[in-house]
């Protein structure tokens, strides 16, 4: 019998074909089809179709054993085996759906959004195809090394796409920052890989490692270190504190790219990595604790930074960081709890659930923002306002996205966020620190609701602030708003997956998940006081935003009313000084050392080398002057030579 | 297929004849070009034939393949002994390939074309000889033969201060080789009595080197090692390299970095490790420190450069440090990865120097601050540069990653978490490349140079680059093609170590 | 004990030879130098006699005194007058 | 007791030809025909030597009691070297002196000088050694002064004469002391005499060592007895500079080997380190001073000094392998350095200056000659696979070899010094090469080198390359020669 | 018989005088003479050693060296005269065209 999964290896290959064909075949061939756009869509769609089939097969248990594994030898060195292959379990399936589906929509949307870019579009479609390929490859990887390979290619693609408008210095700079900062995480990832590679007897296959966690020979401390380093990779890629600062800058890329990065690829890779490593991670509670703490801090900090930012895309970027923080919080908490109780908990599930939901509503939000930008040609919300009249569809779908992210039931964001907060609170029983994290989570929820609605109100509600901008605004073409509509539907409804066995399907086997009916779930959710707490926080946030930006009963200027407040306001705008710190490290410390090394190299090391040469030549010239040209001085030297030899012989006798 | 046919000699003779004929072409530049291309092409074909007939299944520890041995000066035990194992096989192929591509890339050299092409072929002879020689004396001769064409290439076709750079290169590396020679002779004199007959044969000497007194071994080792690390070059004996590279013509830089540096690391593997396993084990940490120092120091130095080519030159130091680090692990993985890195660096650095040369050629400068925003003007060149940089900074999917990852894995395996130090330089590497790219091809179009007449790559530039990039990607995606050649030869190198 | 006449004579000859040799250095004029040199050569010839090498003594006189010194004189004479002043010693 | 003179035939042939040349001059006026006659003389002399080499050497000349000359493989090898040097010098001179007067005497003197050198090579007694040495020296004094109108030539000759005369006086005095100590002038006799005397402290012997070092050190131009050499090489007619560097200097080495390694070997402990110090001094000063020279002949002269330093290593090391290597280096150097001087001669014949800067762009003006020069210079620098590489390498390695003996560890410093110097020397050799091939000259007009000069260069070139590619026969000969010279050394 | 030391002493003194002359006198001809003195000093040695050891080699050597010395004077004088012709001086302190 033939399984769809056996075709899974094609999934990353198909966009790769698109990359090669579009990227290297020249402009002429693609002039007619949006410079390759339609081809890219076709390929993405095929990949998406395959992904959906495979995912469906795996999620429904269509494949015997539940996990599809395929592997081939990539390279062998005595003691180490490098394999390449396919590993599909339910987690992979989930990611396949998210990635391929959103990517396809983004590519479709791009046809409208990037229409005016001319020949550069070809590069765009090629790169975005590669991006999709890399992310799908990452998801399908059968071992850590392969994952790392695609991980890096994802980084490369983000670099290329963020720097798509590379003639803009700020874009080039942002791309550089994205690449370099995530690379720091990658290095940690690599370290983790080394630890795994060496102490798992030279085998990095998931199937081997997950089934033989006990085979780790390095002891638990080292395992903790290993998992921590692996998580380090996620810190970089998923823009977690303290490596989060590249993400806001990455908004220099086209909005579609931002959507892709934030919703489907790149930043989700980090979460996926931690989820993928879960069977090992749960053995190391300390790592889990760190993950949870970093997740919590990130969630809160990013949310604060989003509060006052005037740039529509940046706000969304901060919100992504913040939501990613939630995901890590969930994963970390779940693992920590599991280690201590050895019982199933919702941490892992809620994290991944949030990942999926977030993928949909963040894609929706970004693409909507893209539509707005497309319409008004600015990203500054202070120039917008009242656009809901002109951009009816956009304003509507965006509103859905905002509600969803704010966590208002029954939209998707609510379900996952609620699960996360619940499990964090539950873990507080094990470690009081989690209560703190819970409070941070609630605060974040409040802020999220606030800044999202601030964004919506500033953009769509009220009176237009800049009539020039307003007058030129127009609704997006169909090719753009149709994907938006699809995403809106999903953002609205993806949360209901919870009622259709999402939980059981997605949990790792070691959790021994048990099925719950949808009534049970609803009962659990809505009998808990905490649920209402989070809803209240969200509603409060929305209400505050309404008061300030819609009704204007509170003047937003209160935040800058006093010097202290202005300072805080500025601090938030300056991203807590992280940007400056990065620059300082880069320009002052690293570049300073580099300058010093260069100086040392030229003056000291090369100086010594050249010094030898100079001294030799100088000595030569001095000795040369001894050759006076007077023969009697030569004779004198002969006599002196003889005398010295005689004296030496007499002094030292037979020894000299 | 070639059991009794002296194919390795043929490999050396063909470029030699080609070189003579090319020199003889004199003023007929066009003839010289085609002659050089044809002969280097034949060399490449022969090298390819050899590699295709290279037996991968030969049992571990078997002798060298395509072995040829004739007496030369039997009185002193000097013989003409050639042979290849997996390590040298790879280097032979790389040499033949790079020379061929470099000749093609130099298609537009107008000044003294025949000499230029002839010297390239002569260089080919020397390098191929170094990688196939199994006799110390022969090895040394080829080693030195390499210097002369390179000296001329730099001195005649080089940049403004070529006189300084060429003589510095010449003398610096000559000093090192002389010390190596000293070591070779000391080895010869101590090993010959142990063998009962004078011999310069690498394999025979290695079989008795363990019986040499420890102190003497140490001295010999130091002399040889010094000779090799200057060639590689490792910090602090590296300062000839940036000068030589900056001044050398593009093809010269390609061969200098692509092949000549490999001679050093090849020597360490083939001679130091193979012949003196005990000392190598003792010096292991020191070797690793030198390697790491070069990696980090080179990376920092790169960051401070404003000349694109100088930056790439320093990056060579950094990347050759990775080779040394791999060797220092003395594990199968590390050693194999070191060889892989030699190969990878050969391919990558060729691309990098070619792009630098094209910038010089087309934009008239390599100074990064003067460049900027050229990507739309020269899309092919920019793309190639980007791929080259990415390969060099160890992007997976390209050949450099496999090597670096393996080396660092082996380093972790052996030196534990000290691997953090060299691996941190990976970020630095990314930093200087990305930063250089940001300033040279991205951003707004420069006004400091005339950008009106910049022409993108010509066909003879595109073809070699395309070939190289194709190989970089091919071996990056499927490294087994290379690794399977290397791996069987490693245990033999390491027999004494384990 | 009889006086060691041969010894005394040897000492005399030696003294003459040495003084003549020194005079070669000291004299201002080259011609004088040649004369003193001739004397020194003669002294050496006499010394040979003390050593029982009569044949050598004769050779010494004929070659050195007869040939070399004369050659030198001729050499000096054949050149211009200024040379006779002893070159640049003044 | 009838003497067997057959060992003397090679020398006699040369002397007869030398004597006959002025007579020949009456019939054949041109320098070319004179050179032709000389070449015939040299070749026939060479024929004798080769005949003896192939068919066994004649008995010693001088009977049983007073052994004066012996033609053995050592002597024959050096005789051949000197003859080769004479050959190419004569060839080069054929056109070089075509406008000078006294051409017949010029060639005579070259032949005489060569025969003196051969006598030195054959000598087994200090008397014959001294006679040969002086014959060669006196001839070369005259040769240096050959161009009478040339201010520099006259100056060079006087300098050569003064230092040469003083040096022969020094060596003669040293020899007399040795004779006084041992009562014999036979080289091996001196050695056994010295060995028989067990007194550790022997001031007379030390004085003799010092004086002999100075006396013969003058010939080979070791520091500090070297200062005449650059002046004389620069001032002499260029072929004669070649003769001095390639012939006369080698004769000095032969004499030194005979005196130190045969006669004084019993006192090895006294002079070994001294010789080592002198070797290092010589090579260092020679090379360091050569760096900044602007006159090519002068540069070559200093390079000769440096090379002499390498050759002295043999005396310092005093092992058979070292002597063998040194002989080898002497032979290769005779061709490399001689060749270089021949190139200079050829170029000055076509009115190119002697300044190194004049060689700019030579690669285009006279490609083959420039290439030859490049090969000679690289050979001198010791770049493989040229002849100089092998011999230099063997020399240094002989020091390493010997350093493995107990108490001789310091000898490795000779090798290290040699190596550093070798690298240093590369600088000034490469500089010339750079001028020739890299830089552009003021003109690209072709230079036409006459055939005889080309032939002289070709002899050196062939030898330099052939020995480089196939060194074995020469090494074999050198080993035999070393064994014949110093059978006692290990 | 007179002790050999006296002869050796005489020879040494003559040798040193000769050497001093070579170093100090400016006239090339005088320098040549001084060289002859040195050679003569060596000859005294030879003859003395020969006489005291009964070995004839020393005498032979002295004979040979006298002959050589004569030849050397002849050549030397010619060269000095040549110098005079070419440079109009025989002062050794005036000829230093060739130097450094």
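Going in written order, the chains are labelled A, B, C, D and E, and every chain counts its residues from 1.
The working rule: a contact is a pair of C-beta atoms (placed from the backbone, for glycine too) under 8 Å apart; a residue touches a chain by one contact, two chains touch by 3 or more.
Source: prediction; values computed, not measured.
Between the contact lists of subunit C and subunit E, the overlap is empty. Following the contact convention of this document, E is the list of chains adjacent to both subunit A and subunit C. In the absence of subunit E, grouping the other chains by touching gives A, B, D | C.
Nearest to the common centre of all protein CA atoms is the CA centroid of chain B.
Ranked by separation of Cα centres from subunit E, the top chain is A. Of all chains, A has its CA centroid at the greatest distance from the CA centroid of subunit C. When the C-beta pairs in contact are tallied for A-E and for D-E, the bigger tally goes to D-E. Between subunit A and subunit B the centroid-to-centroid distance comes to 37 Å (mean Cα coordinates, whole Å). Distance between chain centres (mean CA atoms), subunit A to subunit D: 78 Å.
Between subunit B and subunit D, the centres computed from C-alpha atoms are 42 Å apart. Residue positions of subunit C in touch with at least two other chains are not found.
Counting partner chains per residue, subunit D has residues 158-159, 162, 166, 170, 230-231, 424 touching two or more of them. Multi-chain contact residues of subunit E (touching two or more other chains): 18-19, 22, 24, 26, 28, 31-32, 43, 48, 50, 80, 92-93, 95-99. Every pair of chains meeting the contact definition is listed here: A-B, A-D, A-E, B-D, C-E, D-E.
Against subunit D, the residues of subunit A that register as touching in their complex are 616-617, 619-621, 623-624, 626-627, 629, 631-635, 637-638, 640-642, 645-646, 648-650, 653-656. Residue ranges on subunit C touching subunit E, taken from their complex, read 6-7, 10-11, 14, 17-18, 21-22, 24-25, 30, 33-34, 37, 40-41, 44, 47-48, 50-53, 55-56, 59-60, 63-64, 67-68, 71-72, 75-76, 78-79, 83, 86-89. Across the interface of their complex, subunit C is touched by residues 2, 6-7, 10, 13-14, 17-18, 20-21, 24-30, 32-34, 36-37, 40, 43-44, 47-48, 50-51, 59, 62-63, 66-67, 69-70, 73-74, 77, 80-81, 84, 89-91, 93-94 of subunit E. Subunit E contributes residues 19, 22-24, 26, 31, 92-93, 95-100 to its touches with subunit A in the complex. Residues of subunit A that touch subunit E in their complex: 624-625, 627-632, 635-636, 639.
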